[in-house]
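Have a look at these structures, which come just after this line.
You will see two complexes here that share subunit A, one where it goes with subunit B and one where it goes with subunit C.
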Partner chain A sequence: MDQDGKTVLVADDDDDVLALVVRRLERDGYTVLTARDGAEALSVAQQHVPDLAVLDVMMPQLTGYEVTEHLRKDPATERIPVILLTARVQEADVSRGFAAGADDYIKKPFSPQELRSRVQAVLGRR
Partner chain B sequence: LDEAIDATPDEPRTSRRARAVVVGDDPAELRRLTSFLAPLPHQVVAVGSVGDALAAIRSDDDAAVVVIDARHPGVEALEVVRAIRGEEGAPTAPVLLLVGGAQDDPDAARELYGLGAVDVLAQPTDEHALRAKVSLLAELAITSAALRRADERADEHQRALAAQQSVMRALSGGASDDVISHVAQTLAQALGWQVGTFWATTGAGFRCNESWFDPSLSATELERLHAGSTLDSTGGVVGRAASSGVPVGARLDDLDDDDPFVRAALDAGLSDALALPIAVDSMPLGVIELLRAEARPLDTHTVATLDAIASLIAQFAQARRTEDETEALKNEFFALVSHELLTPLTSILGYLEELLAGASGEFNEEQEQDLEVIDRNARRLFRLVDDLMFVAQVETGSLSLNLMSVDLNAVVVEAIDAAQPAAKGRGIQLVAATEPVGQVRGDIRRLGQIVDHLISNAVKFSHDGGRVDVVLRRDGDDAVIEVADQGLGVPTAEQSRVFERFSRSSIAAEKEIPGIGLGLSISKVIAEAHGGSIAMDSTEGVGSTFSVTLPIERPSDDGASDHDQE
Partner chain C sequence: MTGPLPLISLALAAMGMLMVAVLVARRVVLAIGERRRRRLEDALQPVALDIIDGEIDPTVSYSRRESRALALIVARYSRQLAGEARANVAEFFEGRGYVDREIRNLRARRAWRRASAAFTLGDMASPRAVRPLLDALDDSRRDVRSAAARSLGLLGASEAVPRLIDCLVTRAIPTGVGGFALLTLGTDARGELRGLVGHEDAAVRSTAAELLGYVGTPADASLLITLLRDLSGEVRSAAAGALGRVGAESAAVALRATLEDRLPYVRAATAEALGAIDDIDATKLLVRQAESDLFEPARAAARALATIDPDEAIAQGQIPGAGPHLLNAAALAELGR
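Let's look at the complex of A and B:
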C-alpha cells in the first residue's frame, strides 16, 4: 500500500498501544514518528512537521488537547491534521477535543482496522 | 445590649415596681401629691409640663401611671391625655388618674374617658383615696405590661420559628451555590427585619455577598455602601459575631457613628443590629447581619432559635461542601478508571484483532478457537467497563445520545442473531414475532444495548431447553418490545427493586447466574432518556416479561432525522 511515504506522528504513553498503532501504520506504508509524552510529541511535530498526528489525550507533560492547541497556534504546524485517541467517553471531552482543533477522535479501545480507515480518511480530506 | 445577647435577662423586666408620673403646674400641689404617694412601693416623678410627662413615660418602657392635676388652668387635662395617647411609640398605655376639675364639664369628661382615662378623683385632698387608687392602677399597669411583654416575646419567638421553617425550606429547595446568601433575605423577611446581608468570610475580613433591603425602606446610601463592599475583621457587630462565634445584637445608637455603615443605617431610620455567625467546624464561613427599624431587645428563646438557624445553615454548607468534594472525587475516579481500564483493553483487543486477521501468520483451528475465547471474554470485560462508565455518565448528568431515525425491526433482529449462539448452547429456543412499527428517534447503539440486555437476561434466567419470545408490536403511537421467558422469575418482594442499580435477585445469586445488577438499571435510564419506559411482569417459577415502550417518530420529524451528530 503506497502512501507516498507520508509521515505520521503517533504519541501515546502506553508502549503497547503505541507499538500497536505504529505497526498497523507501518504495514500500510506510512513513515511513523513516535513520542511518549505530550512535550515530546510537540517537539517532534515542530521539528518534522508530519502529515498527520495521532495523539493520546491522557499523556504526561502535555495532554493531547494541549499539544493540539500548541500546534494550531504555530503557523509552521497549524495545518497538521490531528486525530485524538481518548479513553474518556463524555461528550464534554469530545467537544473539548474539537475545540482544541482536532480533526477526528477515536475512542479506546479501538480496532486497528478502524484507526487505519480514519487515518486514510483524514489524510484524504486534506 | 451592646454585647453577646445569648444571655438577655428576662427577670428584671418583670419588676413589681411601676412609675407614677404626676403632672401639674403648681409646685406646692405637686409636692403635696408626691408626698401622698411616697409610701407606695413605686417610683414617683413630678413633672411640670406635657413634654416632661411624655419623657418620663418613655424613659421607662414598663408600667406607668399618670396622675394629672387638673385643678389649675396651666395644665389642660385634655391636652395631656391627647398627647400621651397620640404619642407614637409610647411604649405603654399609661393608666390615667385625673384629679379634680374635669368632671365639671360633661363633654370634656366623656372625651377623657373616650381617650382612655380610667378614673377621676373628685376629692384630690383625700390622701388615702388617692393612694389606694394609684396603688390599684399601678398593679393593673404592671400586670398589663407583663402580659404585653410576654405577648411580644411569644410573637417574636413565633416569628423566629417561622423563620426557621422558611430557612429550612429555602435550603432544601436551593440547588445553586448562592443559596446561603439568599438565606439572609429569607431570614430578614421571616423575622420582620428590614435589611438582611450575608457577609462571606475572606482572608482579610468580609465581603458582602448578597444584601436585601425591604422595599419600604429608603436607604440608598446604605445600599450603595453594601454593594460589593468589604469589611475589615475587627469592626462592628459582624466582626464581633465572627470572632466570638455567638450571635451579637446591638443598638445602632451605641455603635461607633464614625463608621459610615452605622451612620447610613441610622440615617435610614434603622435602630437594631443583629449579627449571626455561620461556622463549619469552627471555621467561619460568614455572618448574616440583620437590621431593623424597631428598637426592641431580643429574648433568650428567640436568640436560641436564631442560633439553631445558624447551625442549620452551617450544616447545610458543610453537607454541600462534602457533596462537592465527593462529586469531584467521583469524577476524578471515573476518569482515572476509564483510562486505566481502557488502555490495557485497547492493547488486548487490538493485538487480538491483528492476530485473528492473520497479520502474523495463520493459526491452526484449536489456536484460533482459543484466541476467539480470549477475544469474547475481553469484549465482555469491555462491556462491563462500558456499563460502569455509562452509570458514571448518568451520575454526573453527562449522558448524551446520538439521535437518528432507528429501525427497531433491524435492532431486534440483530439482537436475536447475536444471542443465538448462547441460546443454542443451552437448547433455548428464541422465537421472534415482529410487525413493522415505523421509525423511532433514538441512539441506535443504546437501543441495541437494551434489547441485547433483555434477551441475554431472558436466556440467562431460562431453564435449559426453554423458550424466549421476542415481540415487536405497535401500540398506538408507541413501539413496544417484549421479551418473555419461562424461567425462574423474580420473587414478588424483590420486584420493586429490579430496576435499581446493583440490584440482583436472590435467585440470581442462589443459582450463581453471572451479572452485577447494572443491565436493567441502564436499560431503564436509556428507555427514559428516549421518552419511553420499561416495565416487568414476573411470577416466581413461571417466568418474566419485560416490555420497553418507545414513542414512534412522527412523520413531521423526518426532515431533521438524519441530521444530527455522527
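Let's look at the complex of A and C:
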C-alpha cells in the first residue's frame, strides 16, 4: 500500500510498542520517524513537520498531552494531526486529549488493523 | 613478627583476590550472555513481527535456543496487542504445542512451575487456556492464583469476572492483581460488574461498584445512584467514588443529598465525586462541609470547592476567621490559576 511518501512520527518510551507501531506503518508504506520521549518527539516534529504524529500519553520529559499542546501553539506544527496512544481511556482522559488538540485516540493494548484505519481516517480528514 | 599471623594474612589476601577474580569473571560471563541474548533477539525480531501479522512459515525450523527466544519476544509483544494480532499470537503458540504444554504444567507438582505456566498462558493469547486458568484460581498457592487472575484479564475472559471478584473479596488474590485483571478486561467486564452490584454480599457490591467506576460510563449512573441508598456505608462510598470517576453529571442531585450521609467517609467520597463532575450547584453545601465537618469530609469538600469554583474558594479563604480547610481550598485555587 503506497502512501505517497507520507511521514508519520511515532513516539513511545516502550520499545515493543514502538516496534509494533513502526512495523504496521512501514508495511502500509509510510515513512516513519521515531522518538522515545516527549521532548524528542517535539524536537523531531519541529524539525521534520510530519504528516501525522502518533504519541503515547505517558512519556518521560513531556506527556503526549503536553507535546500536542506545544505542537498546536507553534504555527509551523499546529496543523499536524495527532493520534494519542493511551492505556487511559476514562472519559476525563479522552476529553483531556481532545482539549489538548488531539484528533483521535487509540486504546492500548491496540489492534494493528485499528491503528491502520485510524491513521488513514485522520490523514484523509486533513 | 613471628608465629602464624603472616601466613593467615597472606591466606586472607589470597582469598580476597580470588573472590574479586570470581566476581569479575561472573560479570564478564553475564555481560557476554546478555550481549548474545540481545543479538539473538535483534535477529529474531522480524520473525516475531511476521508471526504477529499472521505470516508464519511452517517450513522454517529453529534451534531450541532460538525457539525459546522467539517465544519470549512474541509473548512480550502480545501484551501490547489486541484484535486479530492476538489471534495470530494464539495460533503460533497453539501450533507449536506451547499452550498444551503450559496447560499441563498448571497441574505440576512444583508450585513455581504452576505459577510460571499460569503467567505464561496469559501472554499466549489462547482462549483454550481460560477454563484451566479458572480452575487455577482454586490453587492452594496464592502466587499461582495471582498469575492465573492476571492471565484471565489478559485473555479477555469476561466469564471470569464473578470468580475474580470473589477472589478479591476473600483475599485469595492481592487487590492490585485482581483490580489489574478486571481493569484489563475493561468494558468486557462491565456487564458482569453491573450484575454484581445487586449481590447479597456487601463486599462484592462494594468492589463491583468501585470497579464499575473504572470501566463504566456515565450510562451506568442510574445503577450506581441506587447504591447511594445501600445499607452498607462501604457500598455507598464506592458508588459515590464511581459516579465521580465515570463523570456522571446526571448524579449531581443524588450526590448532593448524600453529603448528608451519617458516615464521614461516605461524605468525603461524595464531596470528591461532586468535584469530579464539577457540580457548581454544590458550592454552598461544600463550603458548609469544609467549615463544619470532621477532618476527612471537610478536607474533601475544600478540595472539591477549589476545583469547582476557584473564585468562591479564594473569597471564602479571605473571610476573617476562615477555618483551615477553607484556607486550604483558597490556597489550592490560587495554585491552580
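Points to keep in mind about this one:
The criterion applied here is as follows: the second predicted complex is superposed on the first by the 126 of 126 C-alpha atoms of A that agree within 3 Å, B and C clash if a C-alpha of one lies under 4 Å from a C-alpha of the other, contacts with A are read in each partner's own complex, and residues count from 1 in each chain.
The rule we apply is simple: a residue touches a chain if its C-beta (ideal position, glycine included) is under 8 Å from a C-beta of that chain, and two chains touch if they have at least 3 such contacts.
The model shown is predicted, which means the values in this text are computed figures rather than measured ones.
Per the definitions stated earlier, placing subunit B and subunit C onto a shared subunit A by superposition produces a clash between them. In the superposed pair of complexes, A:L20 makes contact with subunit B and with subunit C alike. Within the superposed three-chain model, A:S111 lies in touch with subunit B and with subunit C [touch as defined at top]. Once chain A of one complex is fitted onto chain A of the other, the partner contacts of A:M58 are limited to subunit B, with no touch recorded for subunit C.
After superposing the two complexes on chain A, the stretch of subunit B that clashes with subunit C is 525-533, out of 417-425, 525-533 or 543-551.
On subunit A, the surface patch touched by subunit B in one complex and by subunit C in the other comprises residues 14, 16-17, 20, 23, 27, 89-92, 108-113. Of all residues in subunit A, only 14, 16-17, 19-20, 23, 27, 89-92, 107-114 touch subunit C in the complex they form.
Residues of subunit C that touch subunit A in their complex: 45, 49, 52-53, 76-77, 79-86, 186, 214, 217-218, 245-247, 276.
If you check the complex, the residues on subunit B that touch subunit A are 335, 338-339, 342-351, 353-354, 357, 359, 382, 386, 389, 393, 396, 398, 400.
Listing the residues of subunit A that touch subunit B in their complex gives 14, 16-17, 20, 23-24, 27, 58, 87-92, 108-113.
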